[in-house]
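Please find the structures below.
Each of the next two complexes has chain A plus one more chain, namely chain B in the first and chain C in the second.
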Partner chain A sequence: MNFAQFQKLPAYLRWPVLAFVGILVLSIVQFFTDQQLLTSTTTIQTALKWAMPILIAGLGGLFAERCGVVHIGLEGMMILGTWCGAWGALQFGSPWWGLVSGIVGGALGGLLHAIATVAFSVDHIVSGVAINILAPGTARYLSERVFTQMDGGSISQSPRVESLGDFTWPILAKGPDLLGKVERLDWFLISDLFGVLRGLLFQMTYLTAIGLALVPISAFLLNKTKFGLRLRIAGEKPLAGESLGINIYRQKFLGVIISGGLAGLAGSFIVLELAGLYRQNQTTGRGFIALAALIFGNWKARGVLTGAVLFGYPFGLSLRDLEGTATRSLLLVIAIALLAVVVWALSEKNKADAILAGAVAAGSLLFFFGTETAPKWLPGTMPYVLVLLVLVFASQRLRMPAAVGLPYRKGGS
Partner chain B sequence: MPTAIELIGITKRFPGVIANDNINFSVEEGEIHAICGENGAGKSTLMKILYGMQPADEGVMKVNGVEVNFSSPTDAIAAGIGMVHQHFMLADQFTVIENVILGSEPTKHGVLDFDTAKAHLANVGESYGLTIDPDDFVTELEVGERQRVEIIKVLYRGANILILDEPTAVLVPQEVEALFDNLRELKAAGSTIIFIDHKLQEVLEISDRITVIRRGKTITTVNAADVTAGDLAELMVGEELPSPETTESTVTDTVALEVKNITVLDEFHRPVVDDVSFSIHKGEVLGVAGIEGNGQGELVDAIVGMEKPESGSVWLSGKDVSSHSVRERRDEGFGYVPKDRHEEGLLLTAPLWENAALGHQTKAPYSKGMWIDRKGSRDRTDEIRERFDVRSPNADVSAHALSGGNQQKLIIGRELICDPKVMILAHPTRGIDVGAQAAVWNEIRTARAAGQASMLISADLDELIGLSDRIVVMFHGRLVAELDPSEVTPRLLGSYMTGAALQGGDELQGGDEMDGSDESAGEHTASAMSETAEGAQ
Partner chain C sequence: MKSPLFRRLLLAFAAPVAAFVFAFVLSSIVLILSGYNPIDAYGEMITNALKLESMIDMLNETTPLYISGVAAAIGFRMNLFNIGVEGQYQLAAFAAAVIGAKVVLPDGLHMLFVMGVAMVVGGLYSGLAGLLKVTRGVNEVISTIMLNSVATLGIIAGLFKIFLEKKSGGAVGGGTTPLAETAWIPDLNGFVELFTREITKGRKLTGMLVVAVIVGVLYHLFINRSRLGFDVRATGMNPLAAKVGGVPSKQMVLLAMVLSGVVAGLVGMPDLLSRTHAYDQGFTKLRGFAGIAVALLGRNHPGGMVGAALLFAFLNTSSGILQITGTASSEIVTIMQGIILLAAVVAYQMVGQVKQREEVKLASEATVGATA
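Up next is the complex of A and B:
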């Protein structure tokens, strides 16, 4: 079966196959480098948790860009989400309220961005950067007014907040723990598969479940509803929508506000599930990684999920992998992936790409054999490296909304 | 007959221009009413006002005798008005059905109900002869099909007053004929149609009455039966109807452009341009005839360097430029007027002077060293505006403020003023009024006399025959015939284009019978051709 045929398979077949191939590669690498961590339950669990803020914020980016507004300000809106998330949880005494207030905080940021870009035609990048600068300042100012008055709070951090809680699938992941049993048998590939599965089902937080559910919900909203169709026309050809009586301003406002709300949700996820409190600079550039996931995912909900998982994985792994040996073996994974690109490029008769991919693969291999443990910066750079690779090798396949970033005025004036 | 639409004293001002200046006329129910006028006369603006897309500054509109005040197209659609715009209003990455239902989507439990939509579309399409798969993406459609989707969009909403702004500009003759048949049917079913077109023969053929607009003012309304094309042209621009005939040959012995064995494959590795070779001499115009979608676009892309052909080479003045980039080829003397002014020709939101510099931005007078020379660019833009009569207040307005025809004139001016050695012209006079068309033809002839080699692609067969020194016919990606324009008629050319002439040579002379596969298309061509041919005389 060649690549074009594979592309034609229905999505519910394609994605499991891809996931399986991914796990297969991990198992092989794990086998040769004598590792346990790459596919262990704990790694997958942490990776999933770390992927969530990227995923949710990436979906936020999706809503903005599909209605034609560039969203470089995701990071700022996530920061608003972190602060509001902690504040809401503390003020109303329940993490669920934190969630709500985080969403509202982010949505307010979105509203600001919409007013600037849609109503006043400010350049989208300029407005986004302004929000990224404004948000941390606002959060610090508010912390000074609010958190310093609280026990255990200071100007740069809030008192602790509770998590929303988690659940474990009975029978499969606890009690008889069928998946765990197989995982511990240490069979090549089989155990790895079960480890990964168990990682998904063991102590999954409610918020993670919500985040995962947002993927099909977003895809459904965008592709199957009237709202989504009208939102997308604003990002593809606003004049066509206008000529059929659609209020493009309205669509753009809605899209950007939803986008802000999701970014805020991503921020509250960090506070409620990852850190357990608000801390200054807590988002550490995840908003930008989310944008990278959006591009990687070709402006599609499912693609954003893939991107978020790929980008979150190295982080999750490095947190578990204190010596850095497992992270080092990721270099081998990258080399294998690039060799696959070489094969693909050769089959497309694209020599230049094949040579380039081969060279990078060789570099990655050299790096692998030249080190014992991975440097600390490796997981953090991986998302950007992956996006660069995608842009280099698959840019013809990427298609952003046709009118994204373009100014729009009603009546063309 | 009752009046469907009445416009009283409509006035619309834009910064620096009065687009509509006290417009008065009425359209009767069930008639096809054409609106004629030069580029920038204010036709499109008036139609957008009628369709609720732009507010009028002054004036009163009545629809079916009732005064209306549209604040958005929604209101106009509710009043039964539909509009097909001068430039396509389709989202390329949407499917046909998505484009059609947009704004009046049927839903079931909040979910888009494509089944109902398709059923309704099939109903509408049946009476209209639509053969497009509703799940196709618009990117995959030919222009003619896109045009039909646009009309379907209007009919889907149940409009009984149709506004068509230059619908034939992008169509080939047999498509025009098919469109006109559809319009006659719609008229017979009781629809009222307002129709804008620069090709006066077509106007006379299809319309009942004609309103002429000049510089924003209504000049007069006449019965189509009472006037000739010449009268109309005179009413519009005060000039005689021009014809595109070339004077004496200026062809030299020096080869300027040589294309050798170009093959371009599509995404499924099928040849869309199949082993095409030709050469153009200095001072020669080579016409390329062919129905759109037979590989002309891909051939042009390969020549200007936008697409890398699978095999073959391009030679400019004896030098192999196959490996050169678009930029290098332009610097070496290629000029290019693209077929779609909005897609490849202009930056709509950029000012005219930036648009005039596009593609030449590295050379004087547009730049000095590494810096853009704003003054030089503006002066050059003013020169283009003057020489090519680009009606615009100044060089700083953005390109979307120009009427369609004036945008086209700007592009032609931009390319011709740089005196390229080889000029690729894809539908150069698309959407240009008769007066300006004559001016453009003159410019092309002057350049030819000065030694320019041109490749001309045009759906206007009179233009093709009148301007070319030699005509080749492109069919299914191949050059299938070479003809002498002094001997060929539009009708004969048309039969070559549909492939009918290739299957049996002797039928061409009689023309009473067209061969096999493409029968109906052939008939359309034949009739469309004979009418155009009469018009040219």
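Up next is the complex of A and C:
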């Protein structure tokens, strides 16, 4: 079966196959580099948690860009979400209120972006940049007013907040722990598969479950409902939508506000589940990585999930991999993936791509053999380099919403 | 009807004035809600700014902000969003500090060499984003953001330890080996003191101010007076028409990106050549993003950006006095900057629409008149 035939398979067949191939590559690398961390329960669990803010913010970006508004301000709205998330949790004494207040904070940022871009036709990137400058300043000002009055708080961080809690699947991941038993047998591939599965079921936080559930919910909303159809027409052919009596302004406002709310949710995820408190500069550019995950995912909910897992994985791994040896073996994974790109480019008779991918693969291999442990800066940089690599090889086959970034005026003037 | 010149001036200044008034009112409301007296706060800021030493601080702050604004503006003029000034200037300053400390050159030449290294590194790094755009179709907004993180979290973080200053006894310093005095840029204190009193409190007006002025003049000549600059503007206004008119769009993208990076390379120079003389951990950050704000506020105009950079520098340098006198929280200035910026872009957009409507009306009147 060749690649074109594979692409025609229904999604529910394609995705498990791709996931399986991914785990297969990881186990092969693991086998040859004598590692266990790449597919261990703890790594998968951490990686999943670290992928969540990227995923949720990426879904936020999805709603904005599908209705035609470029959303470079995701980062700023995530920052508002982090501050409001911590504030809500402290003010009302429950992390669930933190969640709600984080969503509201992000949505207010979304409203601001919508007013600027939709109501006043300000360039979307300009407005986004302005919000990214305004948001950290606002958060710092508010911290100075609010958190410095609290015990353990300061201008740059809040007192500790509680997490929303987690749950472990009985029988499969605890008690008899069937999955764990197989994982510990250390059989090639099979133990790895069970390790990954157990990582998904062991101590999953409720918020992670919500984040994962948002993927099918977003896909359903966008693709199967009247609301989604109207939203998408605002991003594809707004004038055609207008001629059918759809209020394009309303759709765009809704899309951007939902988008801000999701970015705020992603921000409160960082506060409630990853850090346990608000800290200045806590988002560390994840809003931008979310945007890259959105582009990588070709403006589709499932694609955003893949992008988020891909970009979140090195972060999660590096937190578990204190010696840096497992992160080093990721270089081998990257080389293998690039060699796959070479083969695929050759089959498409695309010499330039093949040479470029081959050269980068060779560089990655050289790096792998030249080091014993990964340097400290590598895991933090890897997602950004991955984004660049993916865009270098995939940019030309991605399709963004047709009217994204274009100003819309009623009546087409 | 009023005179056309008056109308033009009114339209040109309506937006910034409206934005400023709006931001002023909104900031006052924020101050009152926080329990501060806005009149006291503004009064303190202005009294402080009128002192000679504060003015020196302000100009020292204006210099890198203006250069950073020009770097961003070169891209904006052709609808290229170089969000990567931040990474470009950090990498350029780091490379210039490392390479500059390794060479021995006569006075003056050494300084120019360091600046040259910074410009080349900045240009190469932004050129990478340009190359990715023209050859692989990678959107420059995403690629420059990613390259920012690669530069600061990856390249600089990875190489920083290798090039730390080695002191006697095997100890290492907190930054790269300091530049020799031959690479320091002379200060302008002597020149300023010709007109005013003696500058006290150890304040030194950076010589990079002269470079910033040169950059501004060259930017004006390039954009408004050169053929290449015309091509850049044409591509920015209507890429298709420019292409049909024979402007090679790919070369234009590459050129604008590289030039933007070359100027970005200079952003770190006021710090490197006249203050720290080395790249250390506390090397000033975030000037690249502030430059984007300056370019947006100054409408990419060489003169407008001077005003924008001065305004932002005024706000930055007055944050300290607010804290010291307790008249307001020093963080209010970042909020003011954000509000001014957002209000300004909205106001510019609205005035632009009014202008466009008038032009359409005038054009239609003219054509009706011609056919009648």
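In this section, the second predicted complex is superposed on the first by the 413 of 413 C-alpha atoms of A that agree within 3 Å, B and C clash if a C-alpha of one lies under 4 Å from a C-alpha of the other, contacts with A are read in each partner's own complex, and residues count from 1 in each chain.
One rule holds in what follows: contacts are C-beta pairs under 8 Å (C-beta built on N, C-alpha and C of every residue); 3 or more make two chains touch, one makes a residue touch a chain.
Quick caveat, the model's predicted, so the values are computed rather than measured.
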Side-by-side fit of chain B and chain C on chain A, or clash: clash
First (chain B), second (chain C), both or neither touched by A:Gly98: neither
Chain B versus chain C as contact partner of A:Gly307, first or second or both or neither: neither
Contacts of A:Ile246 with chain B and chain C, given as first, second, both or neither: first
Touching partner for A:Lys237 - first (chain B), second (chain C), both, neither: first
Which of chain B and chain C A:Val126 touches, first, second, both or neither: second
Chain B versus chain C, judged by how many residues of chain A each one touches: C
First, second, both or neither for A:Gly61, with chain B first and chain C second: neither
Partner chain(s) touched by A:Gly109 [first = chain B, second = chain C, both, neither]: neither
First, second, both or neither for A:Pro375, with chain B first and chain C second: second
Partner chain(s) touched by A:Leu134 [first = chain B, second = chain C, both, neither]: second
Location of chain C clashes with chain B - one stretch out of 20-28, 92-100, 200-208 or 236-244: 236-244
Footprint overlap on chain A, where chain B in one structure and chain C in the other make contact: none
Chain B-facing residues of chain A, complex: 224-226, 229-230, 232-233, 236-237, 239-247, 399, 402, 406-407, 411-413
Residues of chain C that touch chain A when the two form their complex: 30, 34, 81, 83, 132, 136-139, 141-143, 145-150, 153-154, 157-158, 289-290, 292-293, 296, 329, 331-332, 334-335, 337-339, 341-342, 345-346, 349-350, 353
Chain A residues within the chain C interface of the complex: 72, 112, 116, 120-123, 125-127, 129-138, 140-141, 144-145, 155, 285, 288, 291-292, 295, 375-378, 380-381, 384-385, 387-388, 391-393, 395-396
Chain B - residues contacting chain A, complex: 14, 48, 51-54, 72-77, 83, 85, 89-94, 98-99, 101-105, 107, 110-112, 153, 349, 400-401
